[in-house]
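Order of writing sets the labels: A, B, C and D. Residues in every chain begin at 1.
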Amino acid sequence: MKRSLTVSWEDPLAAFEEGKKLAPLEYMRAVCAGRIPAPPIARLLGMRLAKVDAGEAVFELTPAEQHYNPIGVVHGGIAFTLLDSAMGCSVHTMLPPGKGYTTLEIKANLVRPITLQTGPIRATGKVIHLGRQTATAEARIEDAAGKLYAHGSTTCIILG
Amino acid sequence: MKRSLTVSWEDPLAAFEEGKKLAPLEYMRAVCAGRIPAPPIARLLGMRLAKVDAGEAVFELTPAEQHYNPIGVVHGGIAFTLLDSAMGCSVHTMLPPGKGYTTLEIKANLVRPITLQTGPIRATGKVIHLGRQTATAEARIEDAAGKLYAHGSTTCIILG
Amino acid sequence: MKRSLTVSWEDPLAAFEEGKKLAPLEYMRAVCAGRIPAPPIARLLGMRLAKVDAGEAVFELTPAEQHYNPIGVVHGGIAFTLLDSAMGCSVHTMLPPGKGYTTLEIKANLVRPITLQTGPIRATGKVIHLGRQTATAEARIEDAAGKLYAHGSTTCIILG
Amino acid sequence: MKRSLTVSWEDPLAAFEEGKKLAPLEYMRAVCAGRIPAPPIARLLGMRLAKVDAGEAVFELTPAEQHYNPIGVVHGGIAFTLLDSAMGCSVHTMLPPGKGYTTLEIKANLVRPITLQTGPIRATGKVIHLGRQTATAEARIEDAAGKLYAHGSTTCIILG
């Protein structure tokens, strides 16, 4: 039996231009509140910015069959994408207006398989170090009961 | 203007059960040749196992707007997912029949932004070390001209 | 002007055999209290197990000129060695009697240079995940005022 | 039976100042040839810059008892320090005069234990990506027969 899914999204560059008018944390809050449309990747994967504050960002996703890999569990790439989003956004919240960032690298451990039975998961990202030129952050993915599924860290460079 | 995309896939557990009848490398070759359906995540992201051999696996993807993050380029998670797929599959090809594996961790560097202008990209994964209990692998993402966009490594545990 | 240093240590295999008679946490406590001699590497680098508890281990070191690299600060390898020691020992404390472990990989970020002026530093390692076959841990290096210099994570495999 | 070792070194800041007069690759070649004294950390650990070329650096070390950890093999920190040295120096060779670098992070896998029986080991570092602001490199540790013991990668930031 074939399964299918239709996803839709809005012009990402329009949201990006709109976002430039706001200070970074305000922009993230506008995305979180739905006043600025979520980026296409979020619509494709079904992930959602659930909470954002200075130095912290939380993404949520409910594992679904379209996330499955060939060995019968959610593909590790979904966990990496959630961790990367949560860590990058936690750094983004701390930037002064006019500054941007890009992710140089990510490291992530998968400690338990994520399946349809896991239910909704949350990736919580927190800034560890904010320097003038670089920043580091860490994140954890937990289920509703606080059980740990994955954790990671990242190095970002601050631009502009 | 709203954009939308419809993806479809087949029961991943049926393909998983089918795959268990084959030696690991034969199974990967059957997926590569389309005799066993690609897993849902591959259909969702538009990635394709393009080549597989003992100790090596290549995935291809053409960057598209649905892969975009809020800062106007392809989300790092797409690169991590390609690298993870290429590395995990390169390890998978080396397993004796009846053995499985799982990814303990992945580390990846993003060295250039991936955009719609990049065109098709390939992630090539290769086994570095194959032990009795663990394996390591590395991968690189390049465009059609061989320009490097990302690279990474992984640690897997061998099961069964 | 030439500088020199003499270090001395005891047979590491004798301490290793002695240690096998104790449960892991008891063994670590005996090293911490000086009842079992510190391993040669600790004497060579001048690092000291300062505190150990279930799931946690703290190493101390006072940066000295013999730790310097060619670019005028303490070599990153000293930080990696402290982080690795603190993380590995934190995992070691949690093992049941008769089990051992080995480090599969380490990832570490250096966020500030360590110099003679930094004064004594402490690496605090904590277990993140303890599974049946693998464990993960994290560590931070801070000075006496709690300022962060480096942080990292590790993946260990549990043996025996 | 007590063992002891005496190491000596020269003022690292004098060598650092001397080094600043040379282009980076020339400086590395002067260290390799012994015309500029090796840094203290190299004397302490017994590691030696054995070869250096544009984009590549090789360090050698003969494992000895003073490198041993409490579990009866060479401490992982020795491998991390060799990998870090080889990778950092490979990046250093590629810098234009007047530029410096610092290591942001290192990731390393230990795939086999290193012991006294391993004999001399070599860490070979190679630049993967050299950008305007950042660089990445990788390294492998092998014995005289080419057997792999450890491998890793690094992210550096280019300064000045």
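Throughout what follows, a contact is a pair of C-beta atoms (placed from the backbone, for glycine too) under 8 Å apart; a residue touches a chain by one contact, two chains touch by 3 or more.
What you see is a predicted model; the values in this text were computed from it and never measured.
Novice: Report back the single chain whose CA centre is most distant from the CA centre of chain C.
Specialist: Greatest centre separation from chain C goes to chain B.
Novice: Which pair, C-D or A-D, has more C-beta contacts?
Specialist: Contact tally favours C-D.
Novice: As a quick test, compute the distance in whole Å between the mean CA positions of chain C and chain D.
Specialist: Computed from C-alpha means, the inter-chain centre distance equals 20 Å.
Novice: Any idea how many Å lie between the Cα centroids of chain B and chain D?
Specialist: For chain B versus chain D, the centre distance works out to 33 Å.
Novice: Suppose each chain is reduced to the average of its Cα coordinates; what separation in Å results between chain A and chain D?
Specialist: Centre separation, chain A to chain D: 36 Å.
Novice: Which residues belonging to chain D are in contact with no fewer than two other chains?
Specialist: Chain D, residues with two or more chain partners: 104-105, 107, 109, 134, 155.
Novice: Okay, in this complex, where on chain A does chain B touch?
Specialist: 1-13, 15-16, 19, 31, 39-41, 43-45, 65-72, 75-78, 80-82, 84-85, 88, 100, 102-110, 113
Novice: Would you mind writing out the residues of chain A in touch with chain C in their complex?
Specialist: Contact set of chain A toward chain C: 107, 109, 111, 128-129, 131, 134, 136, 138, 148, 151, 153, 155.
Novice: Where on chain C does chain B make contact in their complex?
Specialist: 104-105, 107, 133-134, 155, 157
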